[in-house]
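Working notes, structure below.
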Amino acid sequence: MILARVVGTVVSSHKPEKLNGIKLLLLEKIDPITLKGKNDFVISMDTVGAGIHEIVFYVSGSSAKYTSVTGGGLPSDSAITGIVDFIEKDGLYTYEKYKA
Amino acid sequence: MILARVVGTVVSSHKPEKLNGIKLLLLEKIDPITLKGKNDFVISMDTVGAGIHEIVFYVSGSSAKYTSVTGGGLPSDSAITGIVDFIEKDGLYTYEKYKA
Amino acid sequence: MILARVVGTVVSSHKPEKLNGIKLLLLEKIDPITLKGKNDFVISMDTVGAGIHEIVFYVSGSSAKYTSVTGGGLPSDSAITGIVDFIEKDGLYTYEKYKA
Amino acid sequence: MILARVVGTVVSSHKPEKLNGIKLLLLEKIDPITLKGKNDFVISMDTVGAGIHEIVFYVSGSSAKYTSVTGGGLPSDSAITGIVDFIEKDGLYTYEKYKA
Amino acid sequence: MILARVVGTVVSSHKPEKLNGIKLLLLEKIDPITLKGKNDFVISMDTVGAGIHEIVFYVSGSSAKYTSVTGGGLPSDSAITGIVDFIEKDGLYTYEKYKA
């Protein structure tokens, strides 16, 4: 799984019917230490109710089909599977959600 | 899923029979903020009727086999699964299809 | 799928028995516009009878197991699935096989 | 599999229920010769009881679902599957756990 | 499949039981023309009895589970599936095992 920040949304009206109702969020990958954006983006299917600017992790590849939202054979290669509460490195917090 | 612009087509007459009728589009990945091409290309199977110069997103890997077009065991690692209407970042549109 | 040129072959006499008879071609990825090699190579299983110097596309990952040649559970992560006739970008041909 | 060092943890209270009890470790990929960190991070599910600063290897992609911990359809694309005792290159140890 | 040289081994005593008896080799990817190492390493499961300094190719991703050694649901994303006899590019050998 990779850490990223929710920075926006992507909307499409021409897509397979089974994607209806799936929220497509624009994620920017971040450095887990500095939390800075890496200018590297991916569109991910939201499965946890992630909000704008939240730090999340997402799962890539065919494993992204193994959530309650993307299950049932959705063509997904990226799904957000966690909103991050905190990141700890070498005993120090680099991120705390409720302090940010 | 990754954002890209449809920039052309690839035609092959020597390919597995089950690929007959599948449209192979040449995609150039784009920056979701500036919309500029990244000079990084992929051939993707069209599943949504995407047209030249449209901005789309595509799904990679074995998940690309999970569309109505690529289902049934097609050897596909890339399928266009949406034509983008708009991209929104931090509350601002970086792309609006019907304004472009 | 990714565009590449067939530049050689790789021969192995120590490999799983089920790989016997599978042709392993050395591919060099190319820029789809200039057709120049990128000095980036992959070994791919031939499923279409590709010849030396031909431009082809190949499928990566577990999807490479979905051809008539690689089916049946072959350990393959790359299979050539088309010999390219032409590449068209923005209305112009960047490659025409029978003109080259 | 790729070599990495355990450098921290990631905690999330908003995640699919089936991820409860799974330890999410922050890994930094290392050079196998110098053992230096590459400033390239991944979140991986622990399946072996790895501890902080230990050198481990992890499996990526859908293969990460094939452990006793991540089995049963967990949305995982990275799982730690070994704590490294030693790394040997060209007859010399570049790493010995019980000497470090 | 990707070309690499066997440069060492990785030993772990803390790993899933089903990995017991699987040889984990340290591979360095090579340039197929110059045969020089790329300083890019991967741990791969040996399925062909590869020896130190031999040039091999390996299969990545979930396809690595399709060998007689890694079959049966092993958490593997890399398996050596051939020891290379020779590499030929544009009609010339860049590598011949029994001449090296």
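The first chain written gets the first letter, and so on, giving A, B, C, D and E; residue counts start at 1 in each chain.
The rule is short, and it goes like this: a contact is a pair of C-beta atoms (placed from the backbone, for glycine too) under 8 Å apart; a residue touches a chain by one contact, two chains touch by 3 or more.
Bear in mind the structure is a predicted one, so any value in this text is a computation, not a measurement.
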{"item": "Any chain in contact with subunit B as well as subunit D", "value": "A"}
{"item": "Each chain counted as touching subunit C and subunit D at once", "value": "E"}
{"item": "Fraction-based call for subunit D against subunit A, same above half, different below", "value": "different"}
{"item": "Inter-chain centre distance, subunit B versus subunit E - centres from mean C-alpha coordinates, in Å", "value": "33"}
{"item": "Centre distance in Å when subunit A and subunit B are each reduced to the mean of their C-alpha atoms", "value": "21"}
{"item": "For subunit E, residues that touch 2 or more chains besides their own", "value": "61-62, 64"}
{"item": "Chains in cyclic order, anchored at subunit A, direction fixed by subunit B", "value": "A, B, C, E, D"}
{"item": "Residue ranges of subunit E in contact with subunit C within the complex", "value": "1-3, 31-32, 47-50, 57, 59-64, 66-68, 79, 81-91, 94"}
{"item": "Residue numbers on subunit E that touch subunit D, as the complex places them", "value": "7-16, 19, 24, 26, 41-44, 52, 61-62, 64-65, 73-78"}
